[in-house]
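Each of the next two complexes has chain A plus one more chain, namely chain B in the first and chain C in the second.
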Partner chain A sequence: MTVLDAPVEVPTRGALTSRPYQVSSVRHQTHDIVTIDVAPQQHPIAFKPGQFDMVYVYGVGEAAISISSDPATPGLLSHTIRAVGWVTKALNDLQPGTTIGIRGPYGRPWPLEEAEGKDLVVITGGIGMAPVRPAIVQALRHRERFGRIVLLKGARSPRDLVFRDDLDRWHADRSIDVHVTVDSAVRGWSGRVGVVTKLIPRVPFDPENSVILLCGPEVMMWFSAEALLGRGVPAERIYVTLERNMKCGVGSCGHCQLGSKFLCRDGPVFSWDEVAALLDVREL
Partner chain B sequence: MYAPEVEAPAAVVLPASGLDDLLTALTGRGYEVRGPTLRDGVVIHDRLTGAQDLPRGVGDEQRPGHYRTTPREDDALFGYAVGPSSAKRALFPPRQPLWSAVSVGDADFEIREADRPSPRVALFGLRPCELAAIAVQDRVLLHGAVPDEVYTANRADLLLIGVECGDPAATCFCSSMATGPGTDQGADLLLTELLGGEHRFLLRAPTAAGQALVADLDTRPATEADLAARDALLEDAAGAMERHLDTDGVHDLLLGNLEHPRWDDIAKRCLACGNCTLVCPTCFCTTVEDTTDLAGTTATRERRWDSCFSLDFTHTGPASVRNTTRARYRQWLTHKLATWIDQFDTSGCVGCGRCITWCPVGIDLTAEVATIKRTSEDPDAPARS
Partner chain C sequence: MATPAAVPAPLQAGDPDTLRVTLAGHPFCAGLEVAHVQAMAELASEHTFGPGTFLLRRGYAARTLFLLLQGDVSLEIVEPGADAIVLETLHEGETVGWSWLFPPHRWSFDARCLSPVRLVQLDADRLRALMARDPALGRDLAVRVGQLVVQRLQLTRAQLVEIQHHDRP
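After this line comes the complex of A and B, so read on.
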């Protein structure tokens, strides 16, 4: 190894430094999920679908949050957040006009180019819509490049359904085949009831010529992957996005390791054949 | 940047009485010198004002879960092995302020980055395993995808002065990891303490900075006898090493045995205290803390060492991923000896033995690896990384 003879050049600062952004609007999606918009005029964040940011609340802390807006609209950057703990609850309670900190984008995006010329099948559970929404929006902008575009979307109950206006719009213009299901119905729900994985064997798409984007709780992704493999989709064309505790986003804090992978840097998007054996080891 | 020497200059000899001149030469060049010194019965790294601060005539006794300094019968200045502190403390400190958010009005704030000076520091008396540990940290924190700003700043104006080992502890296994007891690289200046006959130091300077230092000292050329004394010293040291780790195939051995019953056995003894990660010179995991001042006008973000042994480390949503001690010890050991190689093309272990000595229950990774190897159910099981 090298000894440094002369002073090394200290690289540009700031890999871990948040930048302030003013919240332009807070849109309540459900009782515990909000979409927070900022208008990053000064420091736009160019991102690809599936990438995430570290979002900071003054004095509270940071959380890894996927970018849920349209990559082609740099003037609007959105994050959709479910309140589960300190930071995410504080984000849910924000008022427009407040400043938050953002650094990013981080991580490996969804392989949308690979899906061109094929069917694009998106399967989500709950807040799992957030990281795939930019992919769907981008695919619809270039609709002609894809075969079928199918969305299987699960939620615990009708009141937990996020991005309803998107769903209504996509449903109406028929450019995308939307299937929504809830785990448990309430009065007035006329849609499907049951777990989203149950839909996989039935919906029309070409298993041998498709790319799958899968995002939800790990068990849901596990069962979905099994169902997809059962239908003949090759493991290397099933993509999942994984969640682990993340403190840095840049491969240095060590928290997000799964085997030899740093999820923040090598992922969070992986093909099923890259991670299935690792996810199969309990508590790895 | 790095300028490898075309030809290694010949070794020279400095009488033990001249060591103070070396320290003076360093301070004269503006370096803050940090090196081994005795504090509360433990050899640690701290600021040195002169050779009188070195632990003279001090040895040590190390075993799993046991450390004690002992008097020696000679005047050796480096007659002990590594203590609990390592260069990591200086280059990647336990607490590192990152930035502050200073509030402006009710709902707005500005970011102020922490000062990041590059202190002019000479780390003195580092053992070959410690130099190797710096080389490992260089790979992780300097040459990684995103160079770490704290490490890079502390590394920028650093001088390294190594000392070869004549008296390894019973917990050392550097010869297995090919990091010691002798070395030709990793430092600006390398010392070998020779005790038989005249108390003297053999000096070798692999870099220009080291050579410039040597030029300031009153030395004589090394003789065949001096060089032979060094060879004998290193041979004895390697021969005295009680512990060994069989690195051959250890990557696949561990990753192919993720469900080995030995992990359960270790978990019965391990307290998940994290001592091993704190004393390890290569462990780099960190977490961050946000604190707000009393007035609520400044929120400071600080990074501090973390340990994969803590339950919070993998907290995600309703629970942690690694709930059991079994999973946490397995993560630590497989990272050190296996996945580290995939990530950084080097082992994460340099064989310093600190984790063995400072483990309160004396868990010894070399013994655990040997047991897994001996009892590996399926030596051909696929390695998962």
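After this line comes the complex of A and C, so read on.
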């Protein structure tokens, strides 16, 4: 038998092979952020809070997108996307019924088990709510395992607030201590105006017995981590998610390398003591 | 310039003992010497204001130090014919305004109550005179106001970075 006669092995579910999924709905969160749902009945994707998928718009390209749906419902997979580049703009323009490619899930999840028995403090800026939403949903499912659950949510303006339904529901049923602030507003907005960092010294939680999940622009995470350290939270219990330059998703291509870390493989979730020094290096 | 009706009434006398305790419990006064808090209490009065009340108006003389005890206040700037822009909201334990300390002693922004507000007012003219007479208190209060300015500047820088970041890919 020659090489040419050998049976061709058709790639099925490899780390670098995406599967086609049909978009079941597109929910507009804000003017430039959508949540895209797929219903992978044939191939449910089990994931942990904080993990991400590589989402492929055929003919355009692939982008790393955090999973924003409930991990206990693998039959519904959601990704929340802000339109900033070619791929994410194409994702924002998708219509229900379109087929996209998804491979994953990848990466190290949020350490929810470590937070059990402690206060869980979630701090987000902008679309940073998407990667932590599954963690909040999962923590609420096991509410008795946690102390206080506090959410500090920052947004650029009231019209940039995502997951408003969740915020309203959590605030109404008092399952979470929700604090929302925006960077700018006009009169008529009745909530807080100012950076989310300003809330950190004021909200009630036990800095010596808490786990922090922090997600947003890196500068926001840097300011927030400084405020948390100032309040006495140990660096090893402040967790951030870094999603720079993901490409392969499996630590092969080196695209997302940050010092000795491959963000896609070693992260995207890191403790602050693992990455703080790296984030200070301008050349990285 | 006429004083608009919405601006708080002139300072009224309060009970210095109660005010001393109230002042001592406010973060702005945390750690001040007892004698200094006592001296400040003699310049202070406690007030409540309803939602919509302007505590201060841009361009008006800055004659008061406001220490928030309860409620929310919005720091605003407005152009004629446009919606007011809310720069920041201030809350329990915070201080409204520092123009009372620095010449030309005029407010730079408007401050409006968003909710029922309870606060302590200190007569700034008398407070500056007290600071001049007692250099230790003067230095202490100047440093505290300086810290407020630095904190607000850092938060404003963070705010600017976050606003700019939104438009980056």
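Everything that follows uses one rule, which is that the second predicted complex is superposed on the first by the 270 of 284 C-alpha atoms of A that agree within 3 Å, B and C clash if a C-alpha of one lies under 4 Å from a C-alpha of the other, contacts with A are read in each partner's own complex, and residues count from 1 in each chain.
Convention: contacts are C-beta pairs under 8 Å (C-beta built on N, C-alpha and C of every residue); 3 or more make two chains touch, one makes a residue touch a chain.
Since the model is a prediction, treat every value here as computed from it, not as a measurement.
**Q** Let me test your reading of the model: by the given contact rule, A:F223 touches which partner, first (chain B), second (chain C), both or neither?
**A** Touch status of A:F223: second partner only.
**Q** Is A:A185 contacted by the first partner chain B, the second partner chain C, both or neither?
**A** In the superposition, A:A185 contacts chain C only.
**Q** So, does A:G125 touch the first partner chain B, the second partner chain C, both, or neither?
**A** Second partner only, chain C.
**Q** Which holds for A:Q22: it touches chain B only (first), chain C only (second), both, or neither?
**A** First partner only, chain B.
**Q** Looking at the overlay, does A:R231 come into contact with chain B only (first), chain C only (second), both, or neither?
**A** In the superposition, A:R231 contacts neither chain B nor chain C.
**Q** Which of the two partners, first being chain B and second being chain C, lies in contact with A:V84: first, second, both, or neither?
**A** Both partners, chain B and chain C.
**Q** In the superposed model, does chain B or chain C contact more residues of chain A?
**A** Comparing touch counts on chain A for chain B and chain C gives B.
**Q** Which positions of chain A sit in both the chain B and the chain C interface?
**A** 84
**Q** Would you tell me which residues of chain C are touching chain A in their complex?
**A** Residues 72, 74, 76, 83-89, 91, 93, 114, 155, 158-159, 161-163, 165-166, 168-169.
**Q** In their complex, what parts of chain B are in touch with chain A?
**A** Touching chain A: residues 1-4, 98-99, 101, 103, 107-111, 113, 116, 118, 132, 134-135, 138-142, 144-149, 152-153, 155-158, 160, 185-188, 206-209, 255, 258-259, 284-288, 290-292, 296, 299, 303, 306, 308, 312-317, 321-324, 326-327, 331, 335, 338-339, 342-343, 382, 384-385 of chain B.
**Q** Under the touch definition given earlier, write down the residues of chain A that touch chain B in their complex.
**A** Per the touch definition, chain A meets chain B at residues 1-8, 10-11, 13-20, 22, 56, 58-62, 84, 95, 97-99, 101, 243-245, 247-248, 250-255, 257, 259-260, 262, 265, 277-278, 281-284.
**Q** Quick check: in the complex, which residue numbers of chain A touch chain C?
**A** 84-85, 125-126, 154, 156, 160, 181, 183-195, 197-198, 202, 217, 219-220, 223
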